[in-house]
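Think of it as A, B and C in the order they're written, each chain with its own count starting at 1.
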């Protein structure tokens, strides 16, 4: 019978950079006992985001960070700057990659490719506590 | 028992800029009576898009618009220019932010963060009528 | 009664460029017999991606490709370059457009707009075989 589960997972971040959350999501899915379905993640913030990217080469993440900075540099004459020079670029980077992901689940596992991991991207300089809402529907 | 509802919501836009649609979506969810589930939005156009961003500071939206223009400027030598100089940049901006969103729902409310709103981004200069398909599954 | 179906569709690509997959997805949906629901696609790779864009004017796709190259050029001093000069730009382009899409389905058809098609974007130079996981839930 079709059923669903919802939770909010908490992740500390170390400031600007990526935190892999694939395992935390996989473990929560396993606990629900749902074997086939759809899992959806929503990062509940406007200066952090979610993306699926390379889980092996560390250099890919370094290049991604540098690229985010090139597309959304600090001190580019933003009108919204009262929360610090890293704040508006953080909003832009969150808009660039988006805050939600949906992933099919089969045999209790997300159908990610071999080289795909789920990453929480922190765009503020300072460490934060970030919430990701997670919903799973299936059976 | 699990059930679903589907609709198409209509939004007029004032030309280039953002229209917040959070309340319209929330009201439609409330009418379905579904308490826990997943809502999915699809903007049915290729020169308008959807994003989740800051719902408070108006300057954030102004900075987002300026940033869109910087990444996808008009008159950048596009081959597709028969619908006006704002048309191809509008397609690029729609590709940048994407046209679909999925958001978990709990206790009849979307699990958006405190500062998150759902925005329909109009990328054409002239006012338009935009359709957003909305699907909700849950119970 | 609510039910679901999951598959993995295979698409050959001709190297850098777009392959339209709308019809293949529509045909699979028709075979499931599900009339109303939600279809979710996940591209299982980190150097190819999915987007919904203009299905008519060929020039739009040419302009999109040129724009991807402008935002994520080759030889921009990446630290990850052991898989060729097109590899890191491919990761960046995949991060830009994203690898997953969710689309409401009604009367057995995706609620795409008239001008919207689903495109698999290949960001590597060489032809590849790409897998897209597809999940449909509904009734």
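Throughout what follows, a contact is a pair of C-beta atoms (placed from the backbone, for glycine too) under 8 Å apart; a residue touches a chain by one contact, two chains touch by 3 or more.
The structure displayed is predicted, hence computed values, not measured ones.
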Degrees of rotation, nearest 5, to put the Cα trace of chain B on chain C?
-> 120
Copies chain B and chain A - interface residue numbers shared by over half, same or different | different
Please compute the C-alpha centroid of chain A, do the same for chain B, then give the distance between them in whole Å.
-> 20
Mind pulling the residue numbers of chain A that touch at least two other chains?
-> 2, 38, 71, 96, 98, 102, 137
Can you name the residues of chain A that touch chain B in the complex?
-> 2-4, 6, 8, 38, 40, 42-46, 71-72, 78-80, 88, 91-92, 94-96, 98-100, 102, 131, 133-135, 137
Touch list for chain C against partner chain B, complex = 2, 36-38, 51-54, 57, 59-60, 62-64, 67, 71, 96-98, 101-106, 111-116, 137-139
